[in-house]
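Letters A, B, C and D name the chains as they come in the text, with residue numbers starting at 1 for each one.
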Amino acid sequence: MSKNVLRLENITMQFGGVVAINDLSMRIDEGEIVALIGPNGAGKTTAFNCITGVYEPTNGAVYFHDKVIAAAHPTGKMKRMYAGNDPEKFKGMHVQMTPDKITHMGIARTFQNIRLFKSQTAFENVLIGTHLRRTSNVFSATFHLNDKEENRNREKAMELLDIVGLADVAEEKATSLPYGKQRRLEIARALATEPTLLLLDEPAAGMNPQETIELGQFIQQIKNDFNLTVFVIEHHMDLVMGISDRIYVIEFGKQIAEGTPEEIQNNQAVIDAYLGGNDE
Amino acid sequence: MWDTIFPYLLSGISVGGQYALIAIGYTMVYGILRLINFAHGDVFMVAGIMMVYIVAAGVPLWVAIPLVLILTALVGFLIERVAYKPLRSAPRMSVMISAIGVSYTLQNLVLYITGGLNKQYPTIPWISETIVLGTAKTKLVTVITPVLVIVLVVALVMLINKTKIGMAMRAVSKDFETSQLMGIKINQVISATFVIGSFLAGVGSVLYFTNYTTVIQTSGAMPGLKAFVAAVFGGIGSIPGAVIGAFIIGIMENIIKGLDVILFKSGLIDKPVGLATFSDAFTFALLIIILVVKPTGLFGESAADKV
Amino acid sequence: MMKKVIALVLALMLMLPALALAEDIVKIGIYEPASGDSGAGGKQEALGVQYANVKTPTVEIGGKEYKVELVTADNGSSTDKAPSAAQKLVSENVSVVLGSYGSGVSIAGSQYFADAKIPAIGLTCTNPQVTAGNSHYFRVCFLDPFQGTVLANYASKTLGAATAYCLGELGNDYDQGLITYFKQAFEALGGTVIKEDFPTGTSDFTSYLTNAAMYGANVFFCPVSIAYSTQIISQASAQGLEIPVLGGDTLDSNVVAEAAKGTNVQVIITTFYQEGANAEFDEGFKAWLNSDAEALTNNGGNDMISAVSVMGYDGYYTALAALQAAGTTDSAAVMAALPAVEIDGVSGHIAFDETGDAIRTSAFVKTVDNATGEWLFLTEQTVE
Amino acid sequence: MKSKQSKRPFIITWVVVAVIYLAVFIAEQKLPATSMLFTVLKKGATYALVAVSMNLLNGFTGIFSLGQAGFMLVGAYVYGIFTIPVELRAQVYQYYDGGLVQFTVPVVLAMIMAGLAAAFFAFLIGLPVLRLKSDYLAIATLGFAEIVRAIFQWNNLGPLTNGSNMLRLFPNFNDFNLRDADGNVTVYLSTLIPFIISGVCIFLIVLLIRSNYGRAFKAIRDDEVAAEAMGINLAHHKQLAFCISSFFAGVGGAMLAMYQTTVQAKSFTTAMTYEILLIVVIGGIGSVTGSVISSFLFVACSEWWLRFLDEKQMIGDFEVPFLRNGFRLVVFSVIIMIVVLFFRRGIMGDKELWDLGSGAKKQERRAAK
């Protein structure tokens, strides 16, 4: 087995009395494309938010390249309300990295409900993604002593736009682009942070079948070009089945299955819960 | 010791009650619109000025007081219609700036009308009388204020819990969009909120200016800010919170004013150190502390942001 | 409507210069607060100047008859509005400036007059800082070290006070200065002083009044703006304050007297003038007030004479004397002529010492008749 | 591939700026120094800097702070305290035996110290309050300004701050004029120098906004969650913007002190912050050019052009109604409300002077497509 990139151990996320994720454990290995699927409201985006540091999990730990990036156990008021397992297991190892720190370590993400910088052009959106790898400080930047780096970043941003096929709209306001292009722009922006793990939250939402097929090819291409590991939340089963090495299925915050696309397609629990009735 | 502290407590309770009546307006508007209505303190001041002019025009007090309260409610209603309603879909900062603009306008308008001079507030008989309470002498209004505040708050809470418009208010404050979809007439609810808030500010103004007797265009600014701090302190959006917060702020402020005396009398300091300088500053220090330690205030509920 | 207004305004602006050329005019600036905490006092002070201007609308300078035009600028009782108000007078090329009520704003505007070489005559700004260290600011009233001593003497010797509670507004140079001098004099007489400050915009003075009582003070000294003093008096009345309220010249206003009317708060102040001292002036001024509705409103609604109006009146004649002595409307020449000017004013003889302060040796002490709301003369106090 | 921004708009901008400075210089030599014009220009230059610094925070970083007056106060006091000539200190600090500080520093250094002191205060207050959300932050910073005001007036700090009394007699704008041996002014610089100080500071702010840090600030304004996900450290960047903005507010405070010739903590009120905020709004939130233009307009209207509204005016025998003290401010506030309600983008929206030329070109290009 190759080296694992991301590992979730017993993650539970509870909002007040509502358990959004319940004792979720998973691992993603280097070079894999792994998908997380499940019905609406199953807690997929919540899982992403726990990985990227937007939420602090109620219980459990997240490892990235075997380094803890989040670890918590129920405390305070939550101690009484906690409805998950193993409240004691992660005692004494409280870690909560901020999202920017996690991105800095090499996890980049896109958002389900596109969050581009709305006042800026497509080009500037990508350029902002290069900011975290800066060597300049606020003084050298103000006095434009970092021109070399700045030019390199500009070139890189342009290249990325080219790769996602948006070079011709570089100077357009990001939010004036059509939906599909905005999604690709989000990917370009995420790539600009030089990640090793890319989290895609429903990248095909709102795309037609043709675009979806292209997106699948595109994800595989960038995975190879940038040496990425990809973790994707998606509803389009064709896409999921087409590109994933492995798939996790969750329902009501709990994992109900894990395996290769073939295994998942034949898994009775999954069919019952998800594929059976409501294919979206 | 008690004799030393009691007069300050009394002053604090009195001013706290008046803050409470203003704070309710802040907290209700914030609950529904998520807007700090910076002009609310000025509505309070305008109520005072209207009273001065209406009584000066020869209207008897028993007509003037209800008239002022109705007009104040109307002022609140108009402000919302003119300055906030057109901005309903605008960013929050725009609405807040509009509120600051309204405050600026009201102050300047009153400056123009009064010529920038202090106006003597009409004396309202009975509640202006001096009474003796233990070691302290005070106006009767000091004692009436907290009682009246409690009565009004109970009435308000009943209104919110029992009536249709109250229910609508609660719904809107929980979820603006959804309640709109559910067919609640948002604009009516918001207007009602402003009318109630302004009406209470009007009541507060009668009590406040009976105690402190002069009105000028800036009279509303400080009480307004303090009342807002009280609303935040108690947990903005919560009416009982605002009231309790207001009493705490009022009492603390007066204790600070007398802190030199209290410390001096109890032998902790041997000469006054001028802490009264910080009577206003202390209120804001308290605000910053509460915001940092418990941003939702004493009784506020926290809500997670959706990502 | 809007168009009409704009048209009117434009027409007006075109006509203004034409009017100005019509006859010889000398401009005197009135640098007074017309709004803010000291607005009431500033307006009363300006009334004295306006009355004097009505009485003597022209002046002969260098053998030529000049019409005196008063140019007013509202300094808003605030040091941050003072510069532009001062600059407004400067840009109008006034020959001399009168004012201001309130020492802080006078100091704040001072540099602007100095830079433009325009002399200023302080009417009732009693803080020594106004005239100290400069050659352009003069003053016709007494100073705070003197006033503070008078008050301290009165409190200690006449009222027999041992402890004085002093209350001033934060950031008000007048209050702070006078309290400092009072404190020095009062402590020199063996008394104890407790001093506290309240932030600008305060209206709740109940706790400060409580403090005074708790410290066992025998007098409550609050030389604050009229706006604050009226509130202090009415709250003192509600709390049954049993000690006298002492104040400086700022409290000499019918507004304050009105506030004390019908209460049992004893208000004692020092001031420049007592109604009745000059019957001719009193009558003329009252007649003028009663003939002009706006003036009457600015005087607080009745025709009681405030000392500040008298100082305004005397200041106006001092300015005229200086213009005559200079023989020109050039402000620098007026400044040069001012130190030697002497007049016999309503408030007494006015002559300047080397710092530009009027030489004054006495102050009036007055109190309010609680039944009628009128000022009663107590004594005339002098200090060596 | 490099970004292909044309240099032309920038050249035009530089030319416009140079012409303005030249005009100011010439006007100052030729027109009487007492003209109201110079008051407006001096105060306008001061307010322009403060407004731009506030815009950096509110407009570019999306931090709704209302602490500007507080930081200006700190700057003004630090400038005053360290520049009053030693021999005049006894006079200024008359109740505090000449005060604690018994040395002076050069004006430029004092201005930088003023900025640094303000930035330091910002750093301290920023640690706790920058975590707060929009309106809570606004009210907390507003409260901070009130606290600072009280502290600087505290009697016990008198030897340093002169307590409740004003600071004065420090070098002001008129001291920049060159004089001959007799004290007569040979070259007037009292308006040009504030223009230069303010211009240099604003230029620095523009450079910052156009750097990668400026982009990060805008990213935070547009979407905090996304910005954080892009690796932008929110706390660090917000603190940075807050301190830089306060630095320039502090320098602006020092300039205001020079303009006013006196400093009094009492006058740095919330109303001052509101005024600056309204300037920013009128100019356009997110436009440096807009803030600058609207500062001058605002000051000119309030101090000069609309003054006539405060006085009785006669046209022949006809007295124009409504005109009396205070009317100016009523008209003024109505204008502001109209801008706030109906012209929400202000004068410039989020455009800059150098965008105006290229904006037209972009449209051409779009049309060509």
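Everything that follows uses one rule, which is that a residue touches a chain if its C-beta (ideal position, glycine included) is under 8 Å from a C-beta of that chain, and two chains touch if they have at least 3 such contacts.
Keep in mind that what you see is a predicted model, and the values were worked out from it rather than measured.
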Based on CA centres, what chain would you say lies at the far end from subunit B? A
Using only protein Cα atoms, the chain sitting most centrally is D
Between subunit C and subunit D, what's the gap in Å when you average each chain's C-alpha atoms? 34
Can you work out the whole-Å distance between the CA centroids of subunit A and subunit B? 47
State, to the nearest whole Å, the distance from the C-alpha centre of subunit A to the C-alpha centre of subunit D. 43
Could you list the positions in subunit B whose residues touch two or more of the other chains? 111, 115-116, 221, 274, 277, 280-281, 307
Touching at least 2 other chains, the residues of subunit D are 150, 153, 155, 225, 325-326
By the touch rule stated above, which residues of subunit A touch at least two different other chains? 54, 111
Of subunit D, residues touching subunit B in the complex: 58, 64, 125, 128-129, 131-136, 138-140, 142-144, 146-147, 149-151, 153-156, 225, 270, 274, 277-278, 281, 285, 324-327, 329-330, 332-334, 336-337, 340-341, 344
Subunit D to subunit A touching residues, read off their complex: 1-3, 204, 207-208, 211-213, 215-216, 218-219, 221-223, 225-235, 240, 244, 286, 350, 362
Subunit C touches which residues of subunit D in the complex? 33-36, 39, 43, 88, 91, 94-95, 150, 153, 155, 163-166, 168-169, 172, 174, 259-262, 264-269, 272, 303, 307-308, 310-311, 313, 315, 320, 325-326
Interfacial residue positions of subunit C with respect to subunit B in the complex: 34-36, 39-40, 43, 76, 170, 194-199, 201-204, 206-208, 210-211, 213-215, 226-227, 230-231, 234-235, 237-240, 255, 258-259, 297-298
Contact set on subunit A toward subunit D in their complex: 52, 54, 98-101, 103-104, 108-109, 111, 115-120, 123-124, 127-134, 136, 138, 141-144, 146, 150-151, 153-155, 158-159, 171, 189-190, 192-193
